[in-house]
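Heads up, there are several structures right after this.
Shared between the two complexes below is subunit A, which has subunit B as its partner in the first and subunit C in the second.
Then we have the complex of A and B:
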């Protein structure tokens, strides 16, 4: 499997290049943090919000934009399409798990995403040079580890909803409901610091924060060391839960596929 | 190489009434019916054989192939392919088989076929040098050279099928399940694919189980056929015996220099010629008889069209 991975990544990148126009559109549609950045930037002009000044707020959304892109996945659409059209069958007859193939496919588009996103980031930093900060090495290290877990949770969540296509034609609809809740609860549209206390408490027990706000706040240096480890520990727990659920849904789905065919 | 014993597959299919009322009722009371796609099917295929798997639409051919490849689990019965239980989809098993389905393709749509070949070499963990040799052999046999660097989406259906076959054979499987490999292809492409399958079987010694609605495929490729209808076995044996048993024998046509008599031994006059329909064993004697009795201007011996043989077989037993 590991021997095949470089080839999978190379071919995934070639596919991403073939779909570059689509990818540019995808990247541009996921720039909501940029819009939030402008809005909250103006709001923060009036004075600090939730203990965050204008700089912190803008830095948060800049990092939210970056983290959103390095942790994004689209396996839910791939699975839905492959299951519905029967294209999954040839994949099941390869001596490699189809999900490993999808992992490589999702990861391999990262460099191209970075190339598309880079001019945007450079432009923002040129406009607001004060957003460049000197992070502590531990926040960067832990932030990157946290981003890996965020990606794992996001990918597993998409596998869960994608695998529902084995059972229902509404899997994408259900995923859209999840995505709506995720937008509100992950820190994508507003920093969780600004949410009312009761909502923050609720969100602490939900998985959404672990997929975006945690790595963003860590990388931005907005979390104290003693809180940081707890947040990453929560991510590990969510990653285990989501990967477990994804494996279960996938296995049940494949069993059904074997029983009823495609 | 393939051993199938009392194989059964029953699908549960939801029943839905007609119109709005039927749709609404199906929400609250979910009626289902059982459809038996494969019924007590047994056969065995030796290594290196080329076997045609025939039957009308919905006979259970694809279901059987999917069960043999490990994509579907049977309701009951046993099957062993290359020494494996296909249900486990053991990687060692998957390296020994391939399933090509005419309509479901594994080629990467927006990349040239050469990239799918590279992907399959990696996915199957093939030895690079050996796999490259196989790839070159397939490229030469299927005349793929001009297609290798064009995106799959720009290839014709026939070109895509040839690339599909190459991708499916890179790992040199011992067992080939081919489900309608020539469907939708023009005559030239059909001939090319057919010729390739025969040549590959001879070169590699792979076992081939092939379904096709084109009888020319079967006639050209399969000395043995298995016929199923309604999921059950109807015939398993040599193709030539099938024609003999269900085709009403071979047709001997003798055109005479002078006017033909009304009858002559086994012959009767049809459209001015003497015609007899006979089992193979009696053909030589009949021809000899005709040559001695009348001045022969022309003589032909025709096999009954396979399509006619099969429709007779399906109609007779269903």
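Then we have the complex of A and C:
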């Protein structure tokens, strides 16, 4: 199964290159952090808010944009399409798990995404050079580990909602509701540190921040060492829960899958 | 056949299609309220930190969000579904049937696939604007000028979409482009004066969402100079004219599916 992985990555990259124009459009549609960056830059204009000045704001949202793109997945749409049209059936016959294929497809688009993002990153650095900081090695190391967990949770969440297509026609609608809650609770639209205290406390107990805010705050060096370990531990717990749920919905779904030819 | 009769007939057809799925009305209404809450949430977080921002209070910025919700509703009910259908017509070759109808093609494609259900979003948006108008003590003059400016803004949006769709005759696959523009329009949920430099210029003149959401809100506050208001309306009329020219010129280049 893992012998095929490098080949799958190559196929995925070729696919991403072939549809590069569409990829540019998809990358550019997920630029909500840019809007938030301009607004919060304005908020911090009068002076820093709880230690967040214009530099920190720009750094936070730049990293939010990057983390959003290196942890992004679109397997929910792929699964939905493949389950509805029955094109999942041949994939199930292969000696390789279909989800392995989707993981490879997802990972292999990342280099191209990085290339598309690069000019935006340069532009932001030019606009607000104050955002540059000297990171401590542990924040970067832990931040990267945390980004991997964030990706795993996001991918598993999409597999869960994608597999719901085995059971319901409304699975994409449910995913949109999840996405709406996610964008408010993950630190994508505003830094959770600056949200009202009650909201911050509620969000600590929800999975959303583990998919974005945690790696972003770590990489930006905005978290103290004591808090950092707790946040990453929460990510590990959520990753286990989400991967477990994803495996369950997938297995239950495949069992009752009755597409043409199955 | 007069214009009014045709428009009424097209609207009636869309309404009848919608009435077949009456149960979705409740679902759509619930979604509209949830979506409005989702749209306003970041605003409350921002104004929790700063009581005023570039001269805007929370209530005044709420008016901008209200106009944004209305604009999104109109976009989803009237503008986007109709014009996206044109892309499909061009790709499949059914556009010939549109041209054969004894009715102005631009008028027909602008109304033939309306989704009246999505207008529920506009009702919610009007509610939000109403609340904000009450909070800033808007009088009848302010309400009237805000309404006029909003209509000018919506004309602008429709013109923008028409230009994009006209390019379908050359590039065929432009529906992804409409997603890109919508992502840009998202910036319109905030007063345009919060942005600076190039971004503000683009949002005022290139992707003029600032005119659609901020100017009506300024009018509601009674702070829009009459000359600026008139200027906005003139720009809307110019955009509509440009859209008309883009549409007719593109039609001339259209080499039907069968020839």
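In this section, the second predicted complex is superposed on the first by the 255 of 262 C-alpha atoms of A that agree within 3 Å, B and C clash if a C-alpha of one lies under 4 Å from a C-alpha of the other, contacts with A are read in each partner's own complex, and residues count from 1 in each chain.
One rule holds in what follows: a residue touches a chain if its C-beta (ideal position, glycine included) is under 8 Å from a C-beta of that chain, and two chains touch if they have at least 3 such contacts.
Everything quoted here is computed from the prediction, not taken from an experiment.
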Touching A:137 in the superposition: subunit B (first), subunit C (second), both, neither? neither
So in the superposed three-chain picture, is A:89 touching just subunit B, just subunit C, both, or none of them (first/second/both/neither)? first
For A:51, using the defined touch cut-off, is the partner it touches subunit B, subunit C, both, or neither? Pick first, second, both or neither. neither
What is the contact status of A:4 with respect to subunit B (first) and subunit C (second): first, second, both, or neither? first
Touching A:15, do we find subunit B (first), subunit C (second), both, or neither? first
Output check: A:119 vs subunit B and subunit C. Expected answer is one of first, second, both, neither. What do you get? neither
Would you check which partner chain A:129 touches, where first means subunit B only, second means subunit C only, and both and neither mean what they say? neither
List the residues of subunit A that touch subunit B in one complex and subunit C in the other. none
Touching residues (chain side subunit A, partner subunit C) in the complex: 22, 25, 28-32, 35-36, 38-40, 42-43, 46, 49, 180, 184, 189-190, 194-196, 199
Per the touch rule, the subunit C residues reaching subunit A in their complex are 34-35, 38, 41-42, 45-46, 48-50, 53-54, 176-177, 179-180, 182-183, 186-187, 190, 194-196, 199
Subunit B partner, complex, touching residues on subunit A are 3-4, 7-8, 11, 14-15, 18-19, 85-87, 89-96, 101, 257-262
Complex contacts: residues of subunit B adjacent to subunit A: 11-12, 63, 66, 69-73, 87, 89, 91-92, 94-95, 97-99, 101, 103-106, 108, 110-111, 115, 118-125, 151
